[in-house]
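Read through the structure below, which is laid out as structure tokens, and then see the notes.
Going in written order, the chains are labelled A, B, C and D, and every chain counts its residues from 1.
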């Protein structure tokens, strides 16, 4: 899935926007990645390496905060981890043996430096740093209430709302205050909190957003994805449970408790399997690549195609495409070659308009495609613009037929728990039949994976329960009618 | 006066510190500059030019916020105005016809991006931006109280304390809330507040820190110094009075009221005349250069010297030196040549240690100095390190005698109203006789201007009243015993 | 094939080296890419887009020169195309309707700005710009001769030697002078020359280095690879023939002639198929991906393995790995996940040394590998260091057996025609049996593709002839005994 | 003297030009600075500090080359010394105990990176680096001849011509070859040549451009100005004589010989005294500030004015203004305050056009000027644009009368020996009477210093001889009719 509406425009404007390019590969559909470590003499260095492994979860800004007992040493900036930390000294200066880090794509709040995470605040509870993946559906309302009570906000991210709630709690211990705070909010989130002497990780009651626990020598580590553990040589211990709060303090003692007062059924986000997570990560105990391949296999069963070759959209759909190929017996082919150097590139619009950003990024392999009936496997369709371009690229390259197969069901409902798919009305599957979508996209045929087939492909029992809201509209956490990711922006744009 | 302790070290370390070099010429003794405009179609552009004129008041960070009716468009960064706004687009993007700007040297809070001003907050009163020159002596205590009440702080600057007080006020109008807020704080300050539809300027009850009012065509402008008006082609109207609050709104209507409930005697900072202000600015209705020259003349009367030439330390002491020369009849000479390109330069420490940072910056004119008895006029002595280096430079250049004349009295007490002279114990004049200082510095003779002579040189009646605390210890605003500029830093260092 | 000796070290040192990181994926084995266009109103813009498509051929420096009739407008710099041309204005300033561009990895000359191409010279023949892919084996000797005759050199790249020869020719026309010049040199090269009114492309007599001809609307285009044509929407016309010189002038007239006086047998570099070229390019009329896949199939026939899964090293070996899988019937799996964000990243060496650069870049998919017997397909082995790391990574991930299969024969001889494999003595296959290599690398088994099998996989008749020197030692162009890529460096290092 | 035509425009365009801002203070009238050292373990570090002292001689580009016995280690770039060498590592990497450096403003060749000096070439005489201040009047013609003979040029600076001539000489020793080369060229130059084992300094036969010899501990140093010696703690030894070549080799042995075969009368450039040199430098054995002051005195004698105050244009005219004041008895005043932070600033043109770049840079001190009759002393007038602006600024500030006094004669003839005053036709004094100039500029009166008075002020006997060509048209070196600084540019623009 290559998501944005019109990447050409976005890319062309990019150098004028000053800010960091949204990775056109990921588009506005990204979320965030968090990582924390307790008890390591080079804590910031480990976080740095881990954030590189989590970079696919957010390319807009990055930051690390380390606690050295006296101060919360902080560095944040716009861009990739390698841009924000382009000098080794920057990391070496972040002294401390507890640290957290964050890579961000905007879910709430617009793209500005002031919104880079972790959020760092001075409070009567001492200095606190918060790194947050997800979205709080009621943050705008709570924020209004807090403002009415005299709170002031310097960012437009909902993490700041949480900081206020924590500080306002009358609870004595920080942990109790955090429980107070998260009990007041709803949504999908994985949250790391760094205090001067402890590291705390919390996952929302439904476990919509992921959080993993691991061990690096004597240190505890927490990460959005297990691939970060592999990269730094840590061992995976277990998933933080939905609604669990883990605290690591006193030289490495880990305690666990419920983060919210009432328990609810787990509903992990199935979209982590479909698109977000790196294929080498484990989620809900299952490997992501394996699930993607199984989705491709299931798709082949549900929606076979009479075709000569199967090709996948790199990189996110390769696993599913190979699964489709194996199951169908139709040969898998490398039909689209991706340019690895496109990330920071602006596209100069031609007067003739011949060159498109998509062509610069993906080149169809004419020798492979020409005269063939092609099954094009993609992981999902959001707005449909890219799919239309892809189908058209394949036809120009001589494809006789293009059969689009999507390794997930029709994406019809906006996510409110941390995936930026903006308004439902932009979703091509919203209010359209599959036939109508196929026509809009120009494919000879189009088929989606069924909801049941998708869940089945995870290998988990249907009772396990997933958040399937984007496909089914069944939102585990009630969503305010007018929830809007910019609701937090108010009248103030911080830089 | 070239202030810092050991500039060589500072310069050598500078590239490793990552942050922006403190201008070695100004050292840690700078304060801040503010500028605001109401009702100009290119408000941010005017602020940008005005900040360049105020750059001498702070080189650490710069920022502009413009209100376009809907948003507070903000850009801030570390470094000079020309670094922070290195692309015209950056300014062009700051749409709006009301705008404020700030150049900063740390008075409170350490040197970090998160501490760059203006401070921008979202509140129940809408978006507010605050730009502040000065220091609130009770900010740490108020901050503790606010934190106890649940406030959180994202910076370590005292401007954020003011924002909290404004928002917490139960007053209905913003102006009343500001009065509530500033009535709770004490210190020396000039404050600009930008709301979505108005520009407000406040000066502390004693008028310690300066604030000037002007007019640019149909727009009102507020600035720390009148030189900013000259630069943008605005007319000077009048000084904002001590304790006055001016509000400009409703298309350009200016209203004035008392900002605090009780009136006190004006005590403008005399150090603006001695060192801070640009010579082309007016302060308390008097031109700065003219006062400096008069101080030099007065110094010549009080402390004549039997010498061949008078030289001044560029740039701040040139006015006083020419005054001394004229009064004494001893010829004024250019005896120290300043390298204009030193600002961003690091000094590579030599193994032999021959090159000093000072030599790179100031070269004595041997032909002028050799064999001569020299009167060296400087505006002030803070720690004495630079004076010692200067005297030694002149001797190496062949000066037969060096008579140091200081165009202000012995600087013996730390300022708590916006001048960063850190601890009193660092001040060389603290607890030392003039003879002892002369010995420490190595001058053949040393004399200071008297307090009376200094006040007389301003041409204002002694009753006019100045804040002379740094010289006399008579603090117009009571200072908490342990006031310390880092008191606000708490356990958290924001980047 | 991931080539360099010790990527960890290279990466760790990178930020200290100031220059641009060699892409660790490509290592020191890259060459260069060239592109030229005649007769396009936005010539530089087209070159820019084409260079992005050719970026895989060189990431060290990039440059574009455009001729506007009066001047050769030039911009060159270190880094990726997107770094060198990070502002649209830079390209817009390169006015002219003829232009050439270059992306470079050092084949001759060390990595310095002064060595960035195109080389631009002022001569009695007017301004000339040269962009060159390849290596001239006799450049050092000719350069010595030219220096003896009084020539001076400002770079250490052999393109400058060619410029001298062209200018020294007594021939009247530029074309004749070029023929004179290239007749004096030997090696493998594709050369673009931009004069004020024409564009000239030359390929070495054996056609070792590639050069393709295409058409974009009314303009002629020349490129190292056809993927550049696809990207800009140009049509492929034909390959420039070995030893051919094409001149485009007089408003678009293309003329062809022999570039050298004696014809020799074509010997295109087979390594373009194995590793250099993008899979979507055509070379010698054959698609690169198709050949790679056929090599994988042939490898499976020649060197079967008793295994559970086949995995390829991303990205260059994926085509061969899928071929191996299809032929062998062993399932193809995604077993190594590549981090796409590693390019500009430095690796902070840990005190404990746990994190390796390789792990940061490639993560084995434990769930896929664990307990399995793995066939690991790589395109080639140069020094063997990376292969050893890869095998060890797979074992740590639980592979039961690792059977390394290389889709090319043992690489035993240094290339002297444009591939930087430095000294033969560094090549692990040099003087070692396959068994010894397997032991050194730690694989359970190792097999290479045969030379015959490799040629067969191209689908071309063996008589077609390839340069196979790196495998067979049969050098089509005699190589001086002491040829060394730094021979040109002499006593002078240009920046 | 603030020289350029319209600084407002230049400043406004600056950010779009990409290159480095010409310092508006110096305008297009700058030349270059050179520095060399032999026999110092940290040679590059010393050169770096010396270049900072010489920065006023050129702000466009900077470079250092150090010889470590094996290589010429080079770093060059656009911008100030502090920009080009912004990291200490850059200098630390320039190993070697012989080194030369250069700061450049374009005299010949346009402003491009490829034109940054020192020029480094590989030749049969080994590696050579050349740093050059001045201009060769016959370089274009020689260059044409060399090109005819097959030479190629990669820059458009005339230093490259010299390199060719040196290499082409049949002389055996490098020194003899240099004599051969410089005997073929004419103009004003100071030239440093770094070979692998020696440092050579040459001054043109007339000694038009300056070159000074000094000693730093056991090392020899050569510099354009003596202020560089003061800065690094070196002792001034003597001026290199016109037409002299000094060679330092063999561990520090200095030899001297004639650089050209025929001796001519010395004609040092008097403009070094008027404007170029730093006031703390010695030239022809005389201190620059002292001469400037004497010029002011002489001017007061020749052209008295009935006025209230004397003010000088900072910084270059302050010395002369104080001299004028002392002689005339009219009080010297600081009437124009210069903004020290303007260098890198762009000026956003206002729609109303109110703010001028000049006002941003120089603010008239109204309190000093208002109602006064002002003598404005400037060092010279080139085009007159700035003088007109200055007079108008003073009038706006309330000056009752403005009497412009120029401390040099009318500048009527273009310089061809290293000062960039472009075409004679741009010079306001060309073909105009003093009255006409006064009218054009808007001054109440205007007077220039006489040629005789100027020479007398140097304290040297008139027979000593100066190059006065810009004032008298008497060119010591014949100038080709069409000499033009861009003659070297030909058809090629190097970046």
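Annotations for the structure displayed:
What we mean here is this: contacts are C-beta pairs under 8 Å (C-beta built on N, C-alpha and C of every residue); 3 or more make two chains touch, one makes a residue touch a chain.
The chain lineup, named per UniProt: A, B, C, D = Amidophosphoribosyltransferase.
For clarity, every value in this text was computed on a predicted model and none was experimentally measured.
Shared contact partners of chain A and chain D comprise B, C.
Listing every chain that touches chain A and chain C alike gives an empty result. Taking each chain's centre as the mean of its CA atoms, C is the chain most distant from chain B. Centre-to-centre spacing of chain B and chain D amounts to 36 Å, using the average Cα coordinate of each chain.
If you average the CA atoms of chain C and of chain D, the two centres end up 47 Å from each other. In whole angstrom, the spacing between the mean C-alpha positions of chain B and chain C is 59.
Those residues of chain B in touch with two or more other chains are numbered 87.
Under the touch rule stated earlier, the contacting chain pairs are A-B, A-C, B-D, C-D.
By the touch criterion stated above, chain B contacts chain D in their complex at residues 15, 41-42, 45-46, 48-49, 52-53, 55-56, 59, 80-83, 86-88, 91-92, 216-217, 227, 230-233, 278-280, 282, 287, 289-290, 293, 315, 318-319, 322, 326, 331-334, 337, 339-348, 350-352, 354-355, 359-360, 363-368.
The part of chain C that touches chain D in the complex is made up of residues 16, 18, 63, 70-76, 87, 89-90, 93, 113-114, 119-124, 126-128, 144, 147-148, 150-156, 163-164, 167-168, 196, 490-495.
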